[in-house]
Amino acid sequence: MSDYDLSIRGGTVVTASDTVRADVGVRGGRIVAVAERIAGAAREIDASGLLVMPGGIDSHVHLAQPTFGGPKMSDDFETGTRAAIAGGTTTVLPFAMQPRGAGLRAVVQEYHQEADGKAYCDYGFHLIITNPSPSVLGQELPALVGDGYTSFKVFMTYDDMVLNDRELLEVFECARGCRALVMVHAEGYDAIKFMTERLERAGKTAPYYHGVSRPEIVEREAAHRAISHAELTDVPIMIVHVSGREAMEQIRWAQNRGLKVYGETCPQYIALTADDMKGLNMDESGGKYVCSPPPRDHASQEAIWQGLQAGVFQTFSSDHCPFMDGVDGKRSPKAKTSFKWVPNGIPGVETRMAVLWGLGVDKGRIGMNEFVALTSTNHAKMYGLYPQKGSIAPGFDADLVLWDPARKETIRQELMHGACDYTPYEGLAVTGWPVMTILKGKPVCEEGRILGAPGDGAFLKRGISPYASK
Amino acid sequence: MSDYDLSIRGGTVVTASDTVRADVGVRGGRIVAVAERIAGAAREIDASGLLVMPGGIDSHVHLAQPTFGGPKMSDDFETGTRAAIAGGTTTVLPFAMQPRGAGLRAVVQEYHQEADGKAYCDYGFHLIITNPSPSVLGQELPALVGDGYTSFKVFMTYDDMVLNDRELLEVFECARGCRALVMVHAEGYDAIKFMTERLERAGKTAPYYHGVSRPEIVEREAAHRAISHAELTDVPIMIVHVSGREAMEQIRWAQNRGLKVYGETCPQYIALTADDMKGLNMDESGGKYVCSPPPRDHASQEAIWQGLQAGVFQTFSSDHCPFMDGVDGKRSPKAKTSFKWVPNGIPGVETRMAVLWGLGVDKGRIGMNEFVALTSTNHAKMYGLYPQKGSIAPGFDADLVLWDPARKETIRQELMHGACDYTPYEGLAVTGWPVMTILKGKPVCEEGRILGAPGDGAFLKRGISPYASK
Amino acid sequence: MSDYDLSIRGGTVVTASDTVRADVGVRGGRIVAVAERIAGAAREIDASGLLVMPGGIDSHVHLAQPTFGGPKMSDDFETGTRAAIAGGTTTVLPFAMQPRGAGLRAVVQEYHQEADGKAYCDYGFHLIITNPSPSVLGQELPALVGDGYTSFKVFMTYDDMVLNDRELLEVFECARGCRALVMVHAEGYDAIKFMTERLERAGKTAPYYHGVSRPEIVEREAAHRAISHAELTDVPIMIVHVSGREAMEQIRWAQNRGLKVYGETCPQYIALTADDMKGLNMDESGGKYVCSPPPRDHASQEAIWQGLQAGVFQTFSSDHCPFMDGVDGKRSPKAKTSFKWVPNGIPGVETRMAVLWGLGVDKGRIGMNEFVALTSTNHAKMYGLYPQKGSIAPGFDADLVLWDPARKETIRQELMHGACDYTPYEGLAVTGWPVMTILKGKPVCEEGRILGAPGDGAFLKRGISPYASK
Amino acid sequence: MSDYDLSIRGGTVVTASDTVRADVGVRGGRIVAVAERIAGAAREIDASGLLVMPGGIDSHVHLAQPTFGGPKMSDDFETGTRAAIAGGTTTVLPFAMQPRGAGLRAVVQEYHQEADGKAYCDYGFHLIITNPSPSVLGQELPALVGDGYTSFKVFMTYDDMVLNDRELLEVFECARGCRALVMVHAEGYDAIKFMTERLERAGKTAPYYHGVSRPEIVEREAAHRAISHAELTDVPIMIVHVSGREAMEQIRWAQNRGLKVYGETCPQYIALTADDMKGLNMDESGGKYVCSPPPRDHASQEAIWQGLQAGVFQTFSSDHCPFMDGVDGKRSPKAKTSFKWVPNGIPGVETRMAVLWGLGVDKGRIGMNEFVALTSTNHAKMYGLYPQKGSIAPGFDADLVLWDPARKETIRQELMHGACDYTPYEGLAVTGWPVMTILKGKPVCEEGRILGAPGDGAFLKRGISPYASK
């Protein structure tokens, strides 16, 4: 009987700190050895010429999330996680959103039902707190943190989710007590509404004006406000989907003062610009790029790279929020009346790793080890999945992506595996591509062919984030 | 017949830029000549050995302002302006506050009635906008700006006055249109309320906790927010009563980016600290120092001096807000139950100039010309009183203070001329003191003796601020 | 007998702080009155519709300065001061330069001989210290400070003048002791030499490469170094001719830390760019714009305006350094072999005020009072000429310029009054122009016609700078 | 025959990114496997309850370095590397210093002779360039880089080593061409000399004044200068032994601008202060703490921690420079006449890891992974030793330290293994201590007992630094 169910042989193992020629031995779905030579496994995969990296962890993904009467998200747990594994990602962290008035526990139960038996990859849930009532903050949230839902997101904008400053402070203080990690969507509600109405009054309703309605000032102000609330309550926060220099400099300023403020950025902020939302002659096709915060300009992209290089950002996530481009999405009749009704969000869970590799590693802006940290390891550490997920070493789940750094591909919709009908990165040529994804020792995707099945993925009960408890 | 009703002879004339040995000739209440020698005036005042400076302008004074059921302010227009002239100040700008729901025009009329025939010195009105309804912003405010009420204050805290972000944005946009100068009280309402309740729950109710409940973070956050709203709407703002480094650095940051953000500071931030609010063993006597923002610490005082030296601040005002120290004020039965009920505000209109001279000019921190700019000239320019007020040159009103730079005094309540029953600067020894105040050519105070009368002062219809229209 | 030799009537008097309708009365060459109406003077000048401002003080001018074998400066005291008064300037502060090895006192005597009886306007001398020997620092310099030479310049570059760090420190310490104000030419000698040789080796010898050889980095580094030396020895310094954002931000950084670091900028940094040095197709005509530090780009010009607005700079000087454009100057045979031999310096004493007014006041970037401060008052205060020079008030010398803010002119060489054969501002159209210059009560130039004579100007023994002794 | 010569079993393996329970298998001196269970090795070491970390790399060590007539360093290659392994360090990078005038190649040969057969641990050489002649920069240095001496240090101070700015620029440009990594000792020579003489003239000659003679200003200025030169020549630099906030902020400023500027700090800047140099009543015992830059104060220590946390610093080295405390060192007759003659440098190669663990990891300031990065991995990457040294993974040399995180020790001289007669950390109580050091698979120290022998260590030919070639 062999010591190993599986060995990945001949590849170059890349972790957040190291790059070594090594074989990887797997038994019972877990990595049990990393060695120069692992012979005699029940199954061997030849990784010669390939990089063996930890499977991606995408800690910011929206799947099957209700939209309060707006267009439905195209991806449920089945299609969304299928896209994930096709892109090299083996763990996703979507959001269990509390509709105002609903109990948190009930929401979590429902969300479990959405996911049960459907997922192609592992998953955990962040919570979204929209209703920080005494019972939510006093009982439900702490209990859920104890049950492995150790992080949650709060919104500083959106009618159905916005918390006011008082609520943010209450939530932050609660997070401090139960050591949950707070994720903050930092855009100022009132300012956006003010800008939106001004634009609408001026007849500026094309998708492009979505960006104008929420300029960097609005994101920076909210970031500063969230940081101040965090400083006041002495609680770490993660500011998600940072789009440009202004908000980034607030985070850097906070970090330089010794505050525990973390940052996330996303593919759209290094690969898209506000001009993409112009579509063809300001038409509705610009809606394909509408997300919040919106993409900015080339100078902002450079700022984001600086932040990635200098350690301002810990994680690179997709903020996958997959609305269709058709009439049941970006081009709904209502959306044509104003950018305000264009659903906010774009797909990205499948392309996240290829975009960062192509624009980052292949162009020499970041190294391979930084790539692994930004797409996997840091997510695991930040969100309490470590040391189960996020690296290649004995004891970790055998979640791996075999990466061909020389493979040239052009991102296009026909390559995609999710339910969404477009990709905002259509036509982007990259060098570097995932050629096999392995989940807990099982190859689940190879050269774009799905080998896994719904139910391969399991729910992850997460631990307390070490970033939240420092 | 003499060319001059009055001449001030033998003194050293100090303006915001110049210091010269000169006589000053007055006719019809206005300065008509500044010359080496002005002989033959109907009346001559000997200013040998004295400095002749523009009468002080205190652009931040609260007189006879309703307090929504709280203790009454001790000073009305009569006592407050009497204190002003005793301290060398010849113009004050108090606030006509709009109670929620009231019309602005009616408020202004009522406030005129409060002032008519009572004032010892000239005065104009800032408005306080608490209810930015369409009719207020669309009609009343622009009309009042046209009538000479060219500035107004908005509050980011206080139950009865706080504006939310949407309202602030609407008000800022309106100010931009009618070229009014916006004054901002920058402290975050929700954060203060949150902190206050937390402190009260912990039984920390002594006056000292007033300061703890509104730390610099809260002021800084509000300053950043106001600056962001101003940047978004492209409107100049004046952030008043800045207390320490944190808010000051936001203003400097904005100024360095080329934004039109101005700053004011006050005597309490260079002469008091949070520890003063401890009183005797945390007793109620600490209430005498309760104002908002609260005094900070010695490092903050140094920061304020830096800001005064480097031009971050344009004006030095008293924020005179005269609550009594007795049972009808700082020591009310309610106030004893929580710092929250200690009325926010301290007297200072009479001591403002002596405190800045004593701690600033006499200690070598600022020069005499800067003193004049900070106590008079810049107020006149900032608030549309220039060139009627604020300097010594032909054409200006003959508002003067004769200052003895060598006079040693110790500030104490028995020297004061207002209605308040204490001074927070009790015991502060200073060198430099006003020995005569002249209003429109008439000596109204000499060596602490009031020579003027109620009604000497007139209402000032102000012009558009050049700072608002740049 | 009249009280006044002269009155200037009907104009608007502008000082560094005030703008008033007033007449100015003069007796014995000094201002004795500023009044609404001054009648009965022996001579009256009608200034209706004009601004009456303090005559310009140009505190950075090179006249008749030896160049160690290089081309001669075109202007001596006669032609240079003739140009000055034609441009509205009534006081210049040129440099008495110590050749290495020479005694300071002897240098000063020789320079007096150059100036005696020749000057059309008043003048003082800065010293240039190139040889800080014990006798120079121990005896000559303190004695000369006592005799009214209260400021000196040191160079961080140029073969014949550069001081090394040790020498700078010795000189700074000496300045601290005798309260002289130190002016610093901040460019790094070694870096320039290194860059120059590299460019020459690459065959890049056109005038344009002068700018490349001394980029902003080099100026910033030297500014930081000078600031550090000043901080170490606790002595105030004035960094002259600041060209762009990099050096400016060092000065701002120092000022924000409370250091006594001052700044000067010049017309070339708001009106010229490095591209001007390209001439026609990189030919020798680019030499006309060669000065040090070199002009930068449009972003730098914006930075300089920000610095002027925010108070980073106290003075605006010409750095008039008048080399001819002909074969005895910019186009010498040697200059054609390398930019290194193109003499560094351009004329500007006559155009300084018109350039700042035209680009600054007329375009709304700065106000009239700031104009007066930057071109006159602050120079007087900075260099110990106050209160004899620099403002309009009783006691000041009657040095005035009558300015027509509506006059449109195009700067061109045929309008110039100096000895130089070109102006670098040729073709610049401005609105605002000096129409009469008055020196100590005597009109010396009117509408471009010189009315004064050599010898009208006298040597000014200067006092200790209040900026040096704070 | 076993697959493994050695296995380390039962421990927790810590790398720069990961912490896992794993056994480590070694064959032929190299790590060949990291696995859950490695049985059957020829020799097994029980690491239960211990951390298994990469052996320390100390990239800043002075051994057997000539001192130009000053006291001899106490450690040669034998004693110095013996101390290293006792402290958990398995690779050191001392300096082959070029005396002025000497050829580089000859120096390297001599230094090899010093080291040959003596070292207890592996070693490479940095060069020190004191004489950047054309032949050194044109031939010797590039050739030596090719031979594996891929980094060198330059000094901005010290009589015998200082390079002027021109030389620095030449050296930087050369480094750029041959892709050597430049290490910079950033302190300003002239300023130190100036301060020293001033102090000596004032009779301030005690060791304490060493610190006064080189304040943070002097280090900051040199750091800024080096950064500017690096920016000009577009070459990465490493600023070594950063002592406090001032220099650190220059590095952070440079990093934020996207410059490739790296930083190192040392134990003395987190564990000592300037006051230590006071000794007993300012006596000569303060000399034990004299090093350059000198230790600062507690606020500086906090700044250094911030820099360690925020990624400003890449490496934590000892700057081991072992002068004796006796008459042949710190207390020489000459040293008693002035701090100037107290040799600059303190021992630290043995205590480096324990100090950082004790004050950093044990106190919660940094994590274990950061500890490994700062003491080992980043040194390997920075100086071209990766992937031979610096981590625990297949292919790496089996250089390991077994660390007991619970062991309490008090640092004291009797525990030390080098030749120096004191430790500046005498009496420092720490928790966390190395209990076994393994060099290329051979235990060389266990519980303070040396098991290795001179000659165990070999010379390391290093590759080009990836930091230099980015």
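Chains here go by letter, A, B, C and D, matching the order in which they are written, and residues are numbered from 1 within each.
Just so it is clear, a residue touches a chain if its C-beta (ideal position, glycine included) is under 8 Å from a C-beta of that chain, and two chains touch if they have at least 3 such contacts.
Because the structure is predicted, anything quoted here is derived from the model rather than measured.
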Far-end chain from subunit D, centres as C-alpha averages: B
Centroid spacing, where centroids are CA-atom means, of subunit B and subunit D in whole angstrom: 58
Gap in Å, rounded to a whole number, between the CA centres of subunit C and subunit B: 40
Centre distance in Å when subunit C and subunit D are each reduced to the mean of their C-alpha atoms: 51
Per-residue multi-chain contacts in subunit A, two or more chains: none
Each pair of chains that touches, named by its two labels: A-B, A-D, B-C, C-D
Touching residues on subunit C, where the partner in the complex is subunit D: 164-166, 168-170, 188-191, 193-195, 215, 217-218, 220-221, 224-225, 228-229, 231-232
Residues of subunit B defined as touching subunit C within the complex: 13, 15-23, 25, 32-37, 252, 255-256, 258, 306, 309-311, 364, 367, 369, 373, 377, 387, 391, 393-396, 466, 470
